[in-house]
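Got some structures for you, see below.
Here come two complexes built around subunit A, the first alongside subunit B, the second alongside subunit C.
Right after this comes the complex of A and B.
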């Protein structure tokens, strides 16, 4: 049995040996060592930490010494209400921001591809917040959302609505941050949708017009199916961004009031600051599993459907 | 009739867009120009006395010129990271695109991972610490390069696929080695995608908050995004200086935006339409 298996292995080098020098002489103009510098940096600073996170999440750890404690960190993670809230909030936050960015982004893109005044200017206006520092946006909206003095509630007061307490109220804090995120990020969704809509051949619209299709039919039968790659991109980008979101929440609420607007990313930071490195890393692993469990299948699903079209 | 309706719709859109998207920026500007007491009222109004330049000066001088040091740090960080990113990512994209083998598949997979997987924070600190790079600018540069690599490879690879191979073959017949072929023939042709990569990544790295917070803590190492918290404390917030700081750190992306808006949009939508 074992000799039979070994035999081909023993033969192969003998056969291929005379071929090799010939191959070596004709060196590829595209050498593999071009991968090397990038691979080293990516490997050391991304791949190694990612793999080692699985190990260190099972330890009590102070960066120099570690003690193996099995699944204790994960058990603690799923028992402490503050951490559970973080997990639930992450999902809520990602779903709200993703949905609103897709819907509002599509509406804005439809508006900004129609024959409208100052189209270029309006596109720029929608897009600019994408480039601004998230921290700056967060602190600005924190002031605008101030319950008695902030501009938003004063403006609502003018039209007779008593605005909510936004970031101060545990019930609305997470939603307020999510809305700010949508304000800042909808421009990116819009420009991607615009690029998708613009790439649809004119003939489809001309044919639809001569058949007397309504605006809604044009949208439902032409724009929506044909800008599917753009929609997939926006959904995936917005979901990844939403699940990983940290900057805006940190700038606006630091997870408060209490821990009502904590997400996994802010829990990771808080545990790290408190010196619970093992627990923080367990949070990272939970986030990793959550992101991959949602995004990879979705990515497969969305790209497969495109091929079938 | 139809055009008239469009004009009204257009005007309405302009007003709504201005309210939703420009008022927050006007608020930043007005508050940055107010005196401390007036700014503290948080009102959206023109400043009664304009103190914009004084506030800029005070924001820059605060805590031993921390904001100026932070601007220098952020500039070094952005320029160094992007230089390394452009060279290394284009090399990878080039070989992965030109020499189809199982390694190309590995590269594609790693790019996907790099785009999706959230970096593990504490293990990265651990790696940096064991290399003696924790709390150093070079350490953070490596981090930005590692985290930005996937996106850059993606953009470069799509572009290199459009460069005809005849070019390579002509250069090879002329006796160019791999280094000369890439750096003298192909690399210069990547200029347009390079501009896109540089713009998109420089905005991302300049605006980065989380990575400097984790991997480069400490006042003497501050990058610009961390300085805004100088003026904000639980008890007294100097709103005029806070917004002067926000305004100052918004100027570099604003300049990029004014001159290169088209290129930025191009870069951020690249690949999105094709899927």
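Right after this comes the complex of A and C.
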């Protein structure tokens, strides 16, 4: 695996890029209809569904007939009893997974960029869960977390601890899924951090060493500020992933027990399953707006900090 | 105002969607049995439950033996709401198999039968159906399906050995039932087995209580469809309250949140628990897994307040339907197959493939003598006329979130009254989607 990403410019902002003189707009050597195949694919699979979903969110729709009902679906969706739990759970889930991925990912990246034995092998091991299918991970952990018979509680039992009921206890269900998500996703964060850390020029560390900086100071004054682009990438990716998380939750708890681990996406999916196509489309429009409303300002904030650096 | 005009997407888009669906349909669990050239191949979609699959394969083989030029290819789909979704999508894209199995009653009403299914009213076998089944696969004057599999009971399976040992009587009222539970608990046995890892099983205390609701108010289903009575009111709220009572008394098995119904029925057979509120279809699985203990299990309807009106709630069998997309030779073959399934010979074939969970809905068909004891108990209820069809066969209104709500009530996360009120809200969406009056 190529973690030896050498190009600092891949992670650092392109401030040093040679400034192009204000040229006249060069005419592209290719005719515009070269864009057509891409435009058709983009249009059919992205633009048309997006705009038709805005339309169908205003209807009561059974796939063959529709009835225009104005904003009723949105009103209904916001009255959905599971929605408040879903919203709260989505935010909790996104914040927990994002935080843990950033913190653990950074710690692992520090470990895996230091001079340790079998570094390459360990880097692969950390990354492997990312490659496994999410549903597979979910089902595996469902078996591992079975309260009396699962491996985790049996192992805890050996050392005399009675493990929690993990997925079937409403208090721990969401947390259990979030921890599984972190286990699966931390590898990706680690790889991005490793790329960020190895791209920091050696000279800084040498200078710090000759000034007698401690390991913590090196981390706090050099690694952390200079890998900020990598950190913002990880935060954005992990947060978006957490906000639209669905597959792992569905595989492990289906939003249960009851409604206790429902997130917005699973609330929407249940409406779809029940055949309330208009209502679920309205839910998706809401989710789209919500993710945009959270991520867009955050992205602006993080990239601005990056430029000021 | 309901716009009846069908939405016609741009042809290009339709073609692309069709291609994608065709591709995905190809991969969807087709179970071998390739076309051996010549003759007609009839594709047949069933849910992947053992009972459905074994019966479908048994019927297919028997039918092929009688009609060598027709090849029946059984395909499977998931059950539950995931399966509902597949059926709806395949019907509305014209990608449905030549014949398919799907629920009768409220779920049947939700697949838009008039638009999607071939009417079968004038088929010769239509007169042979039990009257009680016909309305569950009919819209207006047209009949759209034939019964496949047997009817089943929803109620309490109990361990007769435990009853004998503790000297208990089959309860006729809820109070007697709870008194029995207290004695069972005192003897160190779990009074009530529940299996919430299969969330659907949590609904039984509410659904199987319907006989008692209908006994208290025979017009309840009609009023309910019209939006005049609610689950949060008496008498229907009692089902939720009974579920809550069982939980509050601590009568459930310790691992009720994490086991599936297969484990539950095994615990019942082994005498670790005394009662299991479930559909009698699970007996078939037990008959295969543990034939020694199958006759230790008996059945009684969920008791209500009035011993004189004691009875059981029963579930009609699913229907076998032909979608409008089946045409020509396929349609002929499909009708022949449905006629075979809806014959006495067809029910005999089914009984051989999988033990019946209750009576068949074809006039003149008999159950084999070796059916499990609990099925005999159920048949006794039917013969005495002390049964009521479950609500989903008398009203198209059934909310999708009932199983989550009953898990919450049954786990003590939500009160019975709150759960019932929440279910009334859930149901409203379904009623509106169906365009019923009285739910605006």
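Criterion: the second predicted complex is superposed on the first by the 281 of 309 C-alpha atoms of A that agree within 3 Å, B and C clash if a C-alpha of one lies under 4 Å from a C-alpha of the other, contacts with A are read in each partner's own complex, and residues count from 1 in each chain.
Keep in mind that, in the parts below, contacts are C-beta pairs under 8 Å (C-beta built on N, C-alpha and C of every residue); 3 or more make two chains touch, one makes a residue touch a chain.
Just so it is clear, the structure is predicted and the values come from calculations on it, not from any experiment.
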Touched partner set for A:272, first subunit B, second subunit C, both or neither: both
First, second, both or neither for A:44, with subunit B first and subunit C second: both
Partner chain in contact with A:257 - subunit B first, subunit C second, else both or neither: second
Subunit B versus subunit C as contact partner of A:146, first or second or both or neither: both
When both partners are placed on the shared chain, which of subunit B and subunit C touches more of subunit A: B
Touching partner for A:170 - first (subunit B), second (subunit C), both, neither: second
First (subunit B), second (subunit C), both or neither touched by A:76: second
Partner chain in contact with A:60 - subunit B first, subunit C second, else both or neither: second
Subunit B and subunit C footprints on subunit A, overlapping residues: 44, 48, 63, 146, 272
Subunit A residues touching subunit B - in the complex, by the definition given at the top: 27-32, 34-35, 37-39, 41-42, 44-50, 52-53, 56, 61, 63, 111, 114-118, 121-137, 139-141, 143-144, 146, 149-151, 154, 183, 188, 191-192, 194-196, 199, 229-230, 232-234, 240, 243-244, 246-247, 250-251, 265, 268-269, 272, 277, 280-281, 284-285, 287-288, 291-292, 295-296, 299, 303, 306
Subunit A-touching residues of subunit C, taken from the complex the two chains share: 1-7, 12-13, 16, 81-82, 84-85, 88-89, 92, 110, 112, 115, 196-197, 199, 255, 257-258, 400-401, 404-405, 407-408, 411, 413-414, 422, 425-426, 429-430, 432-433, 435
In the complex, subunit B residues that touch subunit A: 6-7, 9-11, 13-14, 17-18, 20-25, 27-28, 31, 41-44, 84, 88-89, 91-92, 94-96, 98-99, 103, 107, 110, 112, 114-129, 131, 142-143, 145-147, 149, 153, 168, 172, 176-178, 181-182, 203, 207, 209-210, 213-214, 224-225, 228, 232, 239, 242-243, 246, 249-250, 253-254, 256-257, 261, 264-265, 268-269, 271-275
Subunit C-facing residues of subunit A, complex: 44, 48, 60, 62-68, 76, 79, 81-82, 146-148, 165, 167-170, 254-260, 270-276, 279
